[in-house]
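Structures given as structure tokens follow.
Next, two complexes with subunit A in common: one pairs it with subunit B, the other with subunit C.
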Partner chain A sequence: MEVDLNVNTGVYFKAYRFGALLPVLIILFILSASCSNPKAPSGGPAGGQSAGGSQSAADRQPAADRQSAGGPLTVKVGIIAALSGPAASYGISINNGFKLAAEEINFGADVKLTVLVEDSAGSQEQALSAVKKLINSDSVSALLGPTLSTEMRVVGPEANSNGVPILATSNTAEGITGIGKYVLRDSMPETIAIPAAIGQAVKRYGIKSVAILYGDDDVFTKSGFDTMKRTAESTGLKITDVEKFQKGQADYNAQLTKIKSTNPDCVLCSALYNEGAVIIGQARKMGLTVPFIGGNGFNSPRVVEIAGGAANGLIVATPWFPLRQDRKVKDFITNYEKRFGQKPDQFSAQAYDGMYMLAEAIKKAGSADRDKIRDSLAGIKNFDGVLGTFSFDENRDVSMAPYVLIVENGQFRLFQ
Partner chain B sequence: MFLNPYYLQIGSFIAINALLGLGVYVTLSTGQLSLGSAGFMGIGAYTSAILTARYNYSIPVGVVFGALAAALSGVLIAIPSLRLRGVYLAIVTLGFGEILRVAFIRLENLTGGAIGFPGIPKLGGTILERLKASSAGARIFSSMNGNALESLLVFAILLCITLMSAAFFALQANSRVGRAFSSIEMDETAAESMGINVYYYKVLSFTQGAFVSGLAGALYGHVASYVSPADFTYHRAVEILVYAILGGAGQVMGPLVGASILTTLPEVLRFMSGYRHVLYGAIIVLSMIYRPQGLIDSETSDWLRKVFRRKRFIDGGVK
Partner chain C sequence: MLAEQLINGLTLGSIYALIAIGYTLVFGVLDIINMAHGEIFMFGAFAGMLMSMKLGAPLPVAFLGSVALTAAMGYVLELLALRPLRRPSGNMEGNAGLSTLISTIGVAIILENLSLKLFGAENQPFRTSFGNVKFTIGPVNIYLIQIVILLASGVLICGLALWLKRSRSGRALRATAESPETAALMGVDTKKIITTAVVTASAMAGTAGVLVAMSFSNVGTRMGVSMGLKGLAIIVFGGMGSVNGALVGGIILGMAETLVVAYGDSGYRDAIAFVIIIGVLLLKPKGLFGQNAS
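Moving on to the complex of A and B:
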């Protein structure tokens, strides 16, 4: 029925045909461009294709390029970070931490790390594709990342079932290392940080009652709230009020007024730094002067920048204390500032130590074998890094005491 | 090379996104613009996740019930909002999607709230285990690499489901139902005066769209093994709409092509790292300027059909 096309319209059809072809041509062009791997020695399309094809043979243990007589061990390490999208500000400082550490390690003579970075854009789908690419196409020996706990929920099981060790440096949610024995982390979970902050505040200020304010539509703030509630209950604190807010809210006066009327000794607040700074500012304005205890989201110099003097009395627990009197910390801060033009934050510090720990594990394992690296990584005890003295516990999770900090005169100080 | 789980993973996401695009296509085929696909996807994903992870039903049961639950909610939303057309319907479905997203956050005991729902059984894992449990399967598969095989199985299943759905919609387009759909799209009043039950067919097309979106959502949950309310925001709904519109929403081929291109692009552009989303956006802008009707419209699909038909004719002639 559609066969007898009108002959007169033939010319238009041709035009349409080319119209359809144009985008296809663009895509083909991009495909061919991407096949010629810039890292491959030969830039030509033929050479690039063969490189891409030969690397992708399924399930091989990564090759260790040990150069004949005692040359350094070269090992491929994959990084998954959210370099674009809404979590990019975290992903970029994390990646900077990795970069700086890898450059310093490669400057030494013990091990050489070939670092491959893939962007996850903060989405689970892209993170899953990225991890499959790193494991199967690039045959990495170990993985670092991903940026968000939600991404780890998807990436972790994949790495674990492939037997590739993965070290999380920024996931703070509960149950991350429970995914499997190949999943480790060096980022302090909320379940350590929040109880430490509350415990210290109770000891110093004799707090008896608390009110809780949290964002209930975000993974981080919600899991922070769960920990706060549990800790308050187990320490025998009276919870006078629980208030919620939503992402992107600008006015917190309703919640704060209600909290103020219940007259708590202290406010526990689980929020990201931009919301948190606004909350503490509005609280102080309406005369709510009690101390605030924040979750991991509050632990950012930006809170003080935004809230100014209102941030005084904010208590957080953190694995990273930049004013610590230690040569390693000072060197790290100077080198980082020199290299990237900004101060390192908690996430870059955790990433930096993570890369060093992995390098040490590879050195100890003496090969690019995934299982050997996992075992020596999980066995790391009393590692001396910029965070302090770090050990993995029996569940491959963080075992270290956090620093409890308080904002005084617009600066984070040790709270003792 | 084709057994590389990375490529198979992209293939699996293409299949899921193509299904989502088909959901938009079938709703649009009666002229209804729906932005609720992300919400329906969420219903499918959570229903299947809860049935399989909490109550130990098998994955096929979970997926079917997930799709049915989405279809049911599709009927419920379609009936009151049928008087609305165009942008107004789009806004209602957008609001509906937001209500669902907030419901996923609030129904904490069921969905895990904002923290999400981890540990959804993996599509490939369970099939592989069952194959290995049978003695014949064990002999064949023990020598093969488990992960590549698992990815291949998942991809094959998803591809089958997508192609079957696409075939169904292609056949439907030329059936009594499909003709009723397109007459409603062209002119509702005229269609009604021709004796077509506009009400029935509009609810039908909306429900079919919801069913397919729910199916895709349920499958997505079993591929990613984790879902959270943040996966079903209106960003996702817009993304799905773009799959259908860029590919060409008038043809069954359109969403398939659109989803394939837009799912592959971010991966293909990985070599550009920082700039890949810029180019991704630029390609969408360019193709909308030069092909506002989508990459595949009725002329291109006729042309493709003609090319294939001629080829078949020549093959026949040679014999």
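Moving on to the complex of A and C:
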């Protein structure tokens, strides 16, 4: 081994074991790249398994626990929520919303709900065994959940083929209700929220050109981008630039500098709030001051906490507006805070209304029969809840106008 | 736009270089790759942020505090994860290079999970008045922190090269790198030298952590993994164990990534950067400044 101690070009160390280490390094790269853990409420368009009328033999209807005339109707309801794992922060908010609503409903005299909760841990396998247990061993009349769209891809077909109505309260991916006629949802998809936000901003600011920035390695942010691009094109906005970023990136200056040089009137950004807050912070720092329009992922008070004053000018559309002047909303926030020690978010609000809608449907159906509950649930129109006035459309999907909010002085306000 | 993008690239590049020299120092002496380097960098960033934002310490105090913490972490790392795997002479036996690689991966995993427990999974803001000082030249904004990062990586790298080349302890370190047994026979306290190398490298990671956090205005537990991997790529690219290679490799990678976004497709940011690295390695298998083994 010969060593160059005559340091002309630099200082050297021995490097003879490098050859043996290189393959190890490559493997490590691949491993850590694939393990880097996305903390994302992601979910893609659910595969279009159709209802196909296959009601199968498992049509074991739950024993209708109807007591003799006069007693309240008791119905078993199953909840599937990600109470552990990477999506736990969402799953817990959702489950709290269900819990509060069920307690209030059971306090009344009309319907008694027996609530059974199963943890899906955010994984498809566990969600599937949870739904099988709830349907077959517990014989529930209706299901609420699951937390993630990806979980719904396996849970939805299972519930549908067994003829059990399932109401999703947090799945926002496209095609969820296309799984079958027993699948409903009250969580607003981005295909409603994003066009509403863009439409309002165009009207108010006279926006003519936009640049788009999105995460291209996440199903959720990618689907948000597709909606943004479609909306921009159909609204006749000029797209000056499209930039992408990947998970774990900490420096967005290169993309933002390029966007700035194309001089858009507004930036459409499809990101989760953790990255989104950093992006908007770096954008303001480098002098990109135009409004930002975000998708569902951006809709969190944490954006303001992380980005501070830089979040001013961020526009999002949301089904949940906590500052709405409405007694229901105020009571919900007070009771939720008293019960769980924190403020409810969009997910707890959607879960809360979901449980109430289900109770309403059960009351109308007057029995624990799964088909009757499905029919009266799908027929709900103009339900007045904490989200606002809610109806199901003909595809059992959300039909309601979102609130468009803007961050001003570090607070989400109504954008009119 | 070009001027702004060049500044972005230079800043990113010098950040990469700052991280890469820590790897180089440890690899050069111990012949092992310290996979926990990125996580120590992340702890440095968090320590600086917490001391400055939560405890209200002045910036220099927060900075020194975080360097002290990461240096201590380096010492503990050496004591618990590296020393037990070495023969008393300091030489690595047989596959010891691989077993320490695995033990440092273990430390990295522990630190990553510990950080999730301690700091949470969310990004946290790091706002300092220092991070907002800027000069405007025409349409271009230059932040003082960008200049500081560039200077810091230059000064640290030159200082490191000078120390290794000129000083007595630097010479002892190179001797230990060459052959621990011979160095020990010549009266070099190899144990002390090895500890010094790991502690110095960790302190550099802490320095980089605070500077990067100030420059990006936020810290997150995931920054350790991504930055650590880039640092690793750079030392392969620049030549294992080469101090100059870390600097030049870092700047080239940072520039390449930025220019790919500026004139190409941002979806291929990492891909193109690594294609360049692979291309160079095909032509120069030992890296840009790599020394041919005899």
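In the analysis below, the second predicted complex is superposed on the first by the 356 of 416 C-alpha atoms of A that agree within 3 Å, B and C clash if a C-alpha of one lies under 4 Å from a C-alpha of the other, contacts with A are read in each partner's own complex, and residues count from 1 in each chain.
The criterion applied here is as follows: a contact is a pair of C-beta atoms (placed from the backbone, for glycine too) under 8 Å apart; a residue touches a chain by one contact, two chains touch by 3 or more.
All figures in this text were calculated on a predicted structure; none of them were measured in a lab.
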{"item": "Which superposed partner A:261 touches (first subunit B, second subunit C, both, neither)", "value": "second"}
{"item": "First, second, both or neither for A:109, with subunit B first and subunit C second", "value": "neither"}
{"item": "First, second, both or neither for A:161, with subunit B first and subunit C second", "value": "first"}
{"item": "Partner chain in contact with A:216 - subunit B first, subunit C second, else both or neither", "value": "both"}
{"item": "Overlap of the subunit B and subunit C footprints on subunit A, listed as residue numbers", "value": "2-3, 5, 13, 16-17, 19-20, 22, 24, 33, 216"}
{"item": "Complex interface listing, subunit A residues touching subunit C", "value": "1-5, 7, 9-22, 24-25, 28-29, 32-33, 36, 39, 216, 243-251, 253-255, 257-258, 260-261, 274-275, 277-278, 281-282, 285-287, 302, 305-308"}
{"item": "Residues on subunit A engaged by subunit B in the complex (per definition of touch)", "value": "2-3, 5, 13, 16-17, 19-20, 22-24, 26-27, 30-31, 33-34, 37-38, 53, 56-59, 83-84, 117-119, 121, 124-126, 128-129, 132-133, 135-137, 150, 153-154, 157, 161-162, 173, 175, 216-219, 221-223, 226"}
{"item": "Of all residues in subunit C, those that touch subunit A in their complex", "value": "1, 4-5, 8-9, 11-12, 24, 27-29, 31, 33, 35, 97-98, 101, 105, 121-125, 127, 132, 141, 143, 160-161, 164-165, 174, 177-178, 212, 216-218, 220, 222-223, 225-227, 229, 232-233, 236, 239-245, 257-258, 261-262, 265-267, 269-270, 286, 289-291, 293-294"}
{"item": "Residue numbers on subunit B that touch subunit A, as the complex places them", "value": "1, 3-7, 9-10, 13, 102, 105, 113-116, 118, 122, 125, 145, 147-148, 151, 224-226, 228-231, 261, 264-271, 273-274, 276-277, 279, 283, 286-287, 290-291, 295-297, 299-300, 302-303, 305-306, 309"}
